[in-house]
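Look at the two complexes coming up: subunit A is in both, with subunit B in one and subunit C in the other.
Let's look at the complex of A and B:
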């Protein structure tokens, strides 16, 4: 147990607040229980730490360059304060102003939320990861700059806080130590949302100060709007890749599978997270097989942005979110489709399915893949032989689909039917734990951030996966399938399996939901899921 | 920005060791980058993979799908890992001087 006390006001002091010590982390079950046999935690070179952000914990998710002069520092401070003030105006915060103000003004400081945070718990209760730590900093800033109270009273009531480079750089980093899973919000008796607070902090940095991780902004939303996809695929490349997938899969299943492009008036416009096409091609292939078998007319779009459902704006910037969501809507309207179906991607589902309602007028109906797959499995006359899925399966719940949207039962109903060895994790559904790669972390691995998301933010999920299979032979002889219907979660789970060597040690494999469904189809003669290829 | 040095090769790389300026790539750079994979000699098989990756990258501006790489080179994924121990993306693409893959991949 940690003994050093970190105060809220320490955020404004120079230097690190804490250090990651692998011995202090909650131990994992065997054979991962001895930290000395696990990969270490990379310490950043001294030069990096001196040139870049004041890190709160010796970790850098992104790293800001230190201001070169006093004037530059002043400029950053002024921008931060103006961004803070704008965050609390209706014109600038048309998405989340009300819940933000409620969260600022009504926290009773009961700390109930703390024990709900997997990062705080798994870190050995490291104070800087406590959900209320960064929230309390914003609260003090709010009562100092946005809704100023009498300074003497404030010191007594809310506590003071000083804005300087140390605070700005440490707070920027800290806004990327929470996966926005919002378990804390669900446990709060009042409804205070610390996940939202973290999200709103990121907005100040991005919208007003132009500071965001390059994976999310420059290589993410900006690249997507210019090139067409965060992966860098332009329309020509995506069509070429899908053609390759079609040919490859047709060869494997023995009948023709063909992706449809730009079909006007189709029932379904299918928008995948484009990462699926490059990294997990069996997923889009399985969708094509299943939609055709169900007799649904469907199409993909080859227009810029129309073939990539990614919307990283959800994680850090409302304006970028709106730009991408509007493109998706515009394309669906142009194609006159009946509805948009979001592929197996959590943040796409939430961005386009829920948050975009704040900006859409006359929107096209949208559906998550979970409910569509449920409908296809139970209502479209396709024959299944569940015994083809003869291996143990567990389900990872993507936070955005379950806790944020309430889509819980469809995917389980499907699994209970087509995967006889399906078992739940504990807890699951709305109480699930994040994979540890949420809010964009799965694609961030600069400096020593990969070590952080493997050892700390992903630790609870890795533990849960191992526990879900504890009644199975522990070794690699029995392949165990973690079903994760979300590209971001899959990326994180892949990294966890690689990092801990869990394919070799525990026989862990991972994939989506639709692949399991197609694997159980009677019409698919050979194996669709082939562990030798995974 | 980190600088990677090996012999008389000196290049800017990102935090993951990928080249910041892929246009500076040449065969000597490839050999230098291969050393990060504990590979100190590039065989014809290595070059077969590197050349395919570079051709594709020059044509399309991104790395090919892994499955496409295997099919077009005729090498299994296992074989690619033998040649480049960190695998196709973190190993082979890095040595071939491609930029780090982006998006949810």
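Let's look at the complex of A and C:
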């Protein structure tokens, strides 16, 4: 008998709905199986909880301030309801109106999607993380405010819901407890998409109420549109940084590596997630080496936004998404490039590759780095020595590249060739599990959100990684490489490895695909991947 | 006469509201791409979830769509509720039986319509009228019994699961229980009518015949009236419930999950999207920069934060 019953209507009640208890989480394999030996879960100070959001679970991703007065509360409620109504208008939301209405009106409440959600599962079936919990709240709001009927009939058909500050603040937080991985949508017999519902919820908060995590908005899309990159790098800084990377890499590999800038008519406009340049400089360097070796004319753009493929608008705000995508398109047109290649970044690939497709009108073709790398490895005459990658390798599938784009095999064909000890995770491909950093989480660590994404949203991936290497010596004596061809996933996996001390305990390392490819190049005499330096 | 009129009303309401809803969904704006792989029509790749985007310079390659492959996914889903089998096994038996009860009764309805039409051409359906007539006769006699028994089993199981299983109970509104009871009542009355009425087949056909000819309905047993009235109520009620998934599933699969049509210059999609980009944006957050009149193009081409910064 369950004792922790949380009802849909509890969302409108004051106070926390649930508490994270590490003992209730699904256990990890040794040596991470004793929760007492793992980092704890930071409890927020009472003052923080009193001043900020009415958190559903004692976690804060956003930190929304409590309204100072009754009038302020009323204003927020009215804004929320007006946003809710606008979400169902074609003028404001033609972008997702049809799938949203379908997902609102046809859920049979069969809970078939539940077991597909790694967050719900790993949390020990915590009710507030159930994929249908926040979806059902929006559904009830939809039938109350957007498609109103007789109140009695509504209660009979859908059940009731009360909108107040408690609901708004908890729902805002809950819209950031789902990574939008859409595994739940894969399993739904009817095709209801709880990931989409969460995405749309975020839009009410951002587009109408101006509420979004600062990492995604102020430091994300706003900074990118103003300064040029969500990393804060302006065009001069990014060129300086790349110059430094070029010099460093040239010294390491023994030949000149040079990033090309603003080359008109190039075959490829390469747009990296600019985070690579700061956090993983070997990645853009490896691209430069590989593209030059393949004899491809390529360029990066030094124009504002053009050197950063990040588009966090994808996660929370269609207008911000469109603004950044339009800038990318404009720059590619101006440079008259033959195609845009999205660097190793899942959400960039999805945003530019498929989501923005409908506003690009085929003006500039785009493809993922996976296909280009495959083409270079197999068709451009470069010599490889796979034995240089003589360490165990597994592949993390970014949801945005696999489930959202159907790009599954190119990266595998490359790995099977250049990494003799490659092994799959279970499950993989379209059935993969999210790294736990999806939908912007990888860059969100405020308050105690880092603890949440390490203990809960990233737990399934961490377990999968450990299991992929279970036939190897468990300790650090054998370095094990997690290939994650996505910047955000890499950020999350980096954090997981650090948080659990997995480099020391299990010999886990991580990196991209292109680094492995360059490491296997015969022309690269020294190690390109050096575990001692990682 | 009242029964006939009510039947016509029920059919009209059923068709009108379902078609209206279907039209509303079908005519909704083309949305941004939101496909979810595996997409079964991706020829040669669907098995592992791949797409044409796996090809270098994919836009220069021919797109091969395998529509038969879509049917290979849809048919097991519709007939055997494959997704529930794979992802929610405890719910499958009840759901399968509950749906199959309906499939069989609907199948029987078409047999009754066929029999009625054949009757107009002098081909009467009875056990002694030759092989085909007797096959149809016995099908009409036994299908409601078989379908109803299966449906009742499914109904009871689903009802009990909704009560006993906390996960289901917490998310069930009163209508969920009511829907199960209502449909199970249709099964129970169909079963009772079929087993207690010696003239079940003839009475059923004569009811349909009266519907077609606006003629008199022969006297029916009480349970038959209960069955018909319950069914008519269900037909009027259904378009206002989530149960319209019986056709909206087409849209969730074909127009969302599997909708991967690229937007090419001068395509129909491009024309539609250019129309949508002229829609006024009224989102109220300051960063949107809406004045209630600016359209998507104007909004997406500027950024208020940037203007402010430049001014500063």
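Of note:
Just so it is clear, the second predicted complex is superposed on the first by the 530 of 534 C-alpha atoms of A that agree within 3 Å, B and C clash if a C-alpha of one lies under 4 Å from a C-alpha of the other, contacts with A are read in each partner's own complex, and residues count from 1 in each chain.
Methods note: a contact is a pair of C-beta atoms (placed from the backbone, for glycine too) under 8 Å apart; a residue touches a chain by one contact, two chains touch by 3 or more.
Computed from a predicted model, the values in this text were never measured in an experiment.
Clash-free side-by-side placement of subunit B and subunit C is the outcome of superposition onto subunit A. Rounded in steps of 10, the angle subunit B-subunit A-subunit C defined by Cα centres in the superposition reads 160°. Residue contacts after overlaying the shared chain place A:248 against subunit B, while subunit C stays out of touching range. Counting the residues of subunit A that each partner touches, subunit B and subunit C differ, and the larger count belongs to C. Once chain A of one complex is fitted onto chain A of the other, the partner contacts of A:363 are limited to subunit C, with no touch recorded for subunit B.
Residue contacts after overlaying the shared chain place A:522 against neither subunit B nor subunit C.
When the two complexes are overlaid on their common chain A, residue A:97 makes contact with subunit C while staying clear of subunit B.
Looking at the shared chain after the overlay, A:408 reaches subunit C, while subunit B stays out of its contact range.
By the touch criterion defined above, A:447 reaches subunit B but does not reach subunit C.
Within the superposed three-chain model, A:191 lies in touch with subunit C and out of touch with subunit B [touch as defined at top]. Shortest separation of subunit B and subunit C in the overlay equals 16 Å (C-alpha atoms, whole Å). Across the complex, subunit B is touched by residues 215, 219-220, 223, 229-234, 236-237, 240-241, 244, 248, 273-279, 281, 308, 310, 345, 442-443, 445-447, 487-488, 491, 533 of subunit A. Interface residues of subunit A facing subunit C in the complex, by the touch rule stated above, are 2, 5-8, 79, 82-83, 86, 90-92, 94-99, 101-103, 105-116, 127, 130, 132, 136, 155-159, 182, 185-193, 196, 206-210, 217, 222, 225-226, 318-320, 322-323, 326, 339, 353-363, 365, 367-368, 370-372, 374-375, 402-410, 429-431. Across the interface of their complex, subunit A is touched by residues 14-16, 60-62, 65-68, 71, 77, 101-105 of subunit B.
Note for the complex: subunit C touches subunit A at residues 25, 28-39, 42, 45, 48-59, 77, 81-84, 86-88, 91, 95, 166-168, 170-176, 178, 240-242, 244-245, 248-249, 251-253, 255-257, 260, 262-265, 267, 269-270, 273-274, 276-277, 279-288, 296, 299-301, 303, 305-306, 309.
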